[in-house]
Amino acid sequence: MTLSVAIRHQLPGFALDVRFDAPPGVTVLFGRSGSGKTSIVNAVAGLLRPDDGRVAVDGDVLLDTARNVWMPPHRRRLGYVFQEARLFPHMTVRQNLLYGRWFAPRNARAEDPDHVIDMLGIVHLLGRRPAALSGGERQRVAIGRALLAAPRLILADEPLAALDDARKSEILPYLERLRDEVAIPILYVTHSAAEVARLATSVVALQDGRVIRQGPAAEVLADPGVAPAGIRAVGAVLTAQVVAHHADGLTEVRAGSDTLFLPHVPQTAGDTLRIRIAAQEVILASKRPEGLSALNIVEGEVHSIRPGSGPGALVSVHCSGGTLLARVTQRSLATLGLAEGSKCFAVIKTVAIAPEDIGG
Amino acid sequence: MTLSVAIRHQLPGFALDVRFDAPPGVTVLFGRSGSGKTSIVNAVAGLLRPDDGRVAVDGDVLLDTARNVWMPPHRRRLGYVFQEARLFPHMTVRQNLLYGRWFAPRNARAEDPDHVIDMLGIVHLLGRRPAALSGGERQRVAIGRALLAAPRLILADEPLAALDDARKSEILPYLERLRDEVAIPILYVTHSAAEVARLATSVVALQDGRVIRQGPAAEVLADPGVAPAGIRAVGAVLTAQVVAHHADGLTEVRAGSDTLFLPHVPQTAGDTLRIRIAAQEVILASKRPEGLSALNIVEGEVHSIRPGSGPGALVSVHCSGGTLLARVTQRSLATLGLAEGSKCFAVIKTVAIAPEDIGG
Amino acid sequence: DDLTVFAAASLRNALAEAAASFTAETGTNVTVSAAGSSTLARQIEMGAPADVFVSANPGWMDRLEERGRLVAGTRRDLLGNRLVLIGNGASPSSLGPDLDLAAALGSDGRLAMALVDAVPAGIYGKAALTRLGQWENVSARVAQTDNVRAALALVAVGAAPLGIVYATDAQAEPRVSVLYRFAEDMHPPIIYPAAAIAGANEDRARAFLDHLHGDAARAVFLEHGFAPLTDTPDG
Amino acid sequence: MAEIDPEVWQAVRLSLKVAIWATLAALPPGIFVAYALVRWRFPGRQFLNGLVHLPLILPPVVTGYLLLLAFGPQGPAGRALEPLGIVFAFRWTGAALAAGVMAFPLLVRAIRLSLEAVDPKLEQAAATLGASRLWVALTVTGPLVLPGILAGAVLAFAKAMGEFGATITFVSNIPGETQTLPSAIYAFLQIPGAESSVVLLVLISIAIAMGALLVSELISRRLAAWVAGR
Amino acid sequence: MAEIDPEVWQAVRLSLKVAIWATLAALPPGIFVAYALVRWRFPGRQFLNGLVHLPLILPPVVTGYLLLLAFGPQGPAGRALEPLGIVFAFRWTGAALAAGVMAFPLLVRAIRLSLEAVDPKLEQAAATLGASRLWVALTVTGPLVLPGILAGAVLAFAKAMGEFGATITFVSNIPGETQTLPSAIYAFLQIPGAESSVVLLVLISIAIAMGALLVSELISRRLAAWVAGR
């Protein structure tokens, strides 16, 4: 299923004008505060009626101002995790969670409530009212409520912003599973580069109500021109295959002809992984380094060097498993004598590949 | 000024029992969702009346249940940035921002509104009502409102959670300035290790309503036992002095007898910096590596090795500028033959030291 | 089966007693609905299930008669009443026929009366005062109430020094004293006519009317201060 | 104190019956009209709003008279309903109708105020979860306006207990059928020497209404806490 | 249609004056009492609540009679206020007092409902910014309950325009001083054949009240939008 969105809407002091397609998987809306992310999500949900536009899920038209089509929100069958939880204050957590199920079609593919409740760590809260929850607890219930509505489209507006890292890393695999097992589009707003890298199938970068860049996650993230992401978000996504799990807790994967070691991942041998390697975590060397604690050393060729406005430069390195990005100082490049076409080695720390940067 | 907090409070299903002192500077409350952070902040603000406890700012007792002292919130003179913005819906952004000034004592040290508005990037929003703001915009106005109330104590509950990195890095230096220039305690709730490292003077780590660790930031962050922080938050904080700014955009600093290069920092030569170096971003080598793009190579001695539950181990390395932490795989340690007492070299990428990890 | 009597509010208790003796005699239950005559008349006009109507003034009965709601030949004047000037303790003990009401009211006293153009007691009072040549002097000082009992209350609680009410009202209120009894010829006769209403129970209604004109009922009315009239049925 | 007339107890029972039925019967249309006034934009909205307020603006006697004209045995509504077995004229049902009509504006206003305070964001959230407008109204809006409905019902009950002018004008003052407490009080007020009965009836009125108020306050506190989830 | 008597215009002017003053004068105590009932816990709270509702529960005539007992020339309040130059008996001020008292429960309920809907979190936020309870009430709570105050004022005005029983019992019917529209209407209703005058006066009443309603709806819509910041 593909979600296609084309919206034009004028607010006093803000104009939204976007057009993009969200393929199955997670499409991340990325952009600075006030760039129009929530507005887009609201338009898809039917909570904002744009001046002009068309929103469709495959053949199913949710909105088409030209043909005067507008499907009311309750028939769109979405799971919307709002930026502010919006729980029903008069219902218990359990009632909130199960609310959407009343209205879901009988035959809809539904998540297992127990499983979702468990994953979100809210089992002890089921009997409480939202007023007696902490900020993060509220947000988790909101996520659960949306997931359990058996939606055919998930909209999530910074769903994990209020959560701690540990909680995030319990929820992220679940979202990945949703993305991969269920071919429904997920429109996901986040400021976190790690979430983008880990979840995004495609990325739509916004600025002042306009799309400045869109495309598959790997491409967009490798583009240093995507200013709103912030320099730290730049990184490459390698696709790799699990080779084996080792006794010392490392997983061996193969990306092209290169072997990499990662902290243990749950996937089994043969599975395909997406690994985000942030540009700033790659060290380049002119000759194969020895005696280093970094286990992953990949040979490649410098493809391009883009000097930044500061002391750094972004170097893209073609290696057998794909293209890696490395941010190094211009001073180092000069010292090492690296230029386009140079042969080089990229050093990647195993532990620098965070669990949230590896996705199934 | 020091804030001292001792609170015991029972909620159905949750018991809060904490005691800590917050010295001038930023005290970060750190802990998983639902661990009691907001409850503590509310008790300090006077919005939660604990069953038992004492809260004092230096000699000024805000609460003392033993002596039946309770100062009403409006006389506590706090700037509270709430987890949910809580802007006044019937006032414009400008009126919201200036609300606290009406009540501030004439002689109170007040921030300059124009400066704060500028820093928060909300000048174009001044005439709007909160209902016409995006989530992040709302949060920024809430920060401004608290800052402009001329408070003698700042309480900030995840103030930057809804903001993008770029916006964060505009606000963080401002908070640092506040921390350093004005000797008021700031109680700061965050899940972000980067914010902790950058801002925290001291850290109070919470779990299930209890303090599990508290102390100066450098100490607590270097403690791998601080589970709630998540493994990725572990890192060491080095104190260094600015030596010079180089033409290529790098700043040279000295930590003990070691020289490090950082991306340009605004401080001038002679100033003292705090640099957080995340353990996972340090590579260890058994002999001085050569031909690497990493500019910073520091000699040291392995002080301790703590194997983790996974494939990694946390190695603390004494070097002349302080203690560094490195997370490496146990496999690498074996390969390199590193053990307690070994001499080693720590490799730190210049660009891996993010702007938000360097604070004045 | 039963009989419903619509009666001017001030007759409620007296009629209830008279009805009790009727019930004792005939076994017919009587229900008395007491309200303002105008209200009751309009309701009867609109088809209220009344069998007998006792009005506090002839005007409303006339109207029902015009509209053919009465059983022809049953209308009879049942009771009379007297109009009196009352005061409370603070008022002069009595006034002669040459009374000067304006002076008696003092500088800012009010004369309590029922609505002088709408409610019978007020209409009679205004007529009497006009006859006595006093109306011009006091018309601006009159506090008009929606019914005569409210005028009585104004005097009783001392809000107004003087008032004009029925003798029956004055008799029941210990806090007021009668200062002057208006001669009966100073105003149109105060008459409470009674009649049977066209409908299902005409025979029983006639019987009840006869009962009201009978001796037992007369005694009851006298006891309550009314003056039973001894007219013969008209027509 | 005067001996308590059986008629007094009859009036008490009748008043309670009338007030309870008036309140209950006014609730559904009151909720509907309040909802329509707040949530729908339709031609005649202002007219409906005015109509609802009419019983407040007009002297009660006029309202009663208009009811008599419409629902009396000769009135168009009265004649239309009679074949259906629905008769208001000079019945306790008519007293309830009069009380309900008089209480209606109070009920509608209270519900309107509560409705206007419901956060539309919660209703939106329910809609995205698949709830149709009706379901949103039943499961979200409804429970959230319950305190307003209760407040309106209390006002309506109190008003219905105290209603006099419209009732006596519309259905007269027939003991056991339409003689409510206020009508009885009025009747006693007209009778020379019946003051003690008036005092008794007034005290009974106050006692009943205060009891209802107290209960309603208790419920309302719980309800508010429940709705706010505290 | 009957020619329009100058007395009619007098009654119209007087009714307007009485209703406006009743509403204005009832507002401050209404706001205060609503605030006290919602926000304070004090002994006698339920008693105050009952007292406020009393005019609704009692037949208006009884309320008027009680006012007469208290504020009449011989009443304790009347005597106490007289030296201060405050006289209610037989004055338009008394009509306003009666109307205000009768409208009071409506006013208080409306404000209470709005007050209960104000998010205490906003008040807390104001307190942390240094606003004392009074300032919070003035700058946050107050503006947020404005729609409720307006709704209450509209109800009160409508009620004051229609009030009859208490007014005529307390201050009687003195043309030009206390003869309000409802009193005039009542008087005409007592006269056989005066229906056309009744119709005229009723139409005037309705016109005035509808005008006020319309204006209030407009203001209220703006106010609600303003308060919600939309």
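Structure notes:
We call the chains A, B, C, D and E, going by the order they appear; numbering starts again at 1 in every chain.
In this section, a contact is a pair of C-beta atoms (placed from the backbone, for glycine too) under 8 Å apart; a residue touches a chain by one contact, two chains touch by 3 or more.
Just so it is clear, the structure is predicted and the values come from calculations on it, not from any experiment.
For chain D, the chain with the farthest CA centroid is B.
Using CA-based centroids throughout, the chain positioned farthest away from chain E is A.
Centroid to centroid, with C-alpha atoms defining each point, chain B and chain E lie 57 Å apart.
Mean C-alpha position of chain A lies 90 Å from that of chain C. Work out the mean CA point of chain A and of chain B, and you get 26 Å between them. Chain C has no residue in contact with two or more other chains. For chain B, the set of residues touching two or more other chains reads 84, 132. For chain E, the set of residues touching two or more other chains reads 61, 65, 164-165, 186, 189. By the document's touch criterion, interfaces exist between A-B, A-D, B-E, C-D, C-E, D-E. By the touch rule above, chain B contacts chain A in their complex via residues 11-13, 31-34, 37-39, 83-84, 124, 128, 132-137, 139-140, 157-158, 161-167, 169, 191, 193, 227-230, 232-233, 248-250, 261, 263-264, 280-281, 283-287, 289-295, 310-312, 326-333, 336, 338, 347, 349-352, 354.
In the complex of the two chains, the chain C residues touching chain D come out as 4, 6, 9-10, 12-13, 31-35, 39-40, 42-43, 46-49, 147, 149, 168-169, 171-173, 224-225.
The touching residues of chain D, counted against chain A in their complex, run 121-122, 124-133, 135-136, 139-140, 143-144, 226-230. Every residue of chain C that touches chain E in the complex is listed here, in rising order: 36, 38, 41, 59-60, 62-63, 110, 112, 115, 117-119, 142-146, 150-151, 153-154, 157-159. Across the interface of their complex, chain E is touched by residues 45-47, 72-80, 82, 84, 86, 88-90, 99-100, 102-104, 129-132, 145-146, 149, 155 of chain B.
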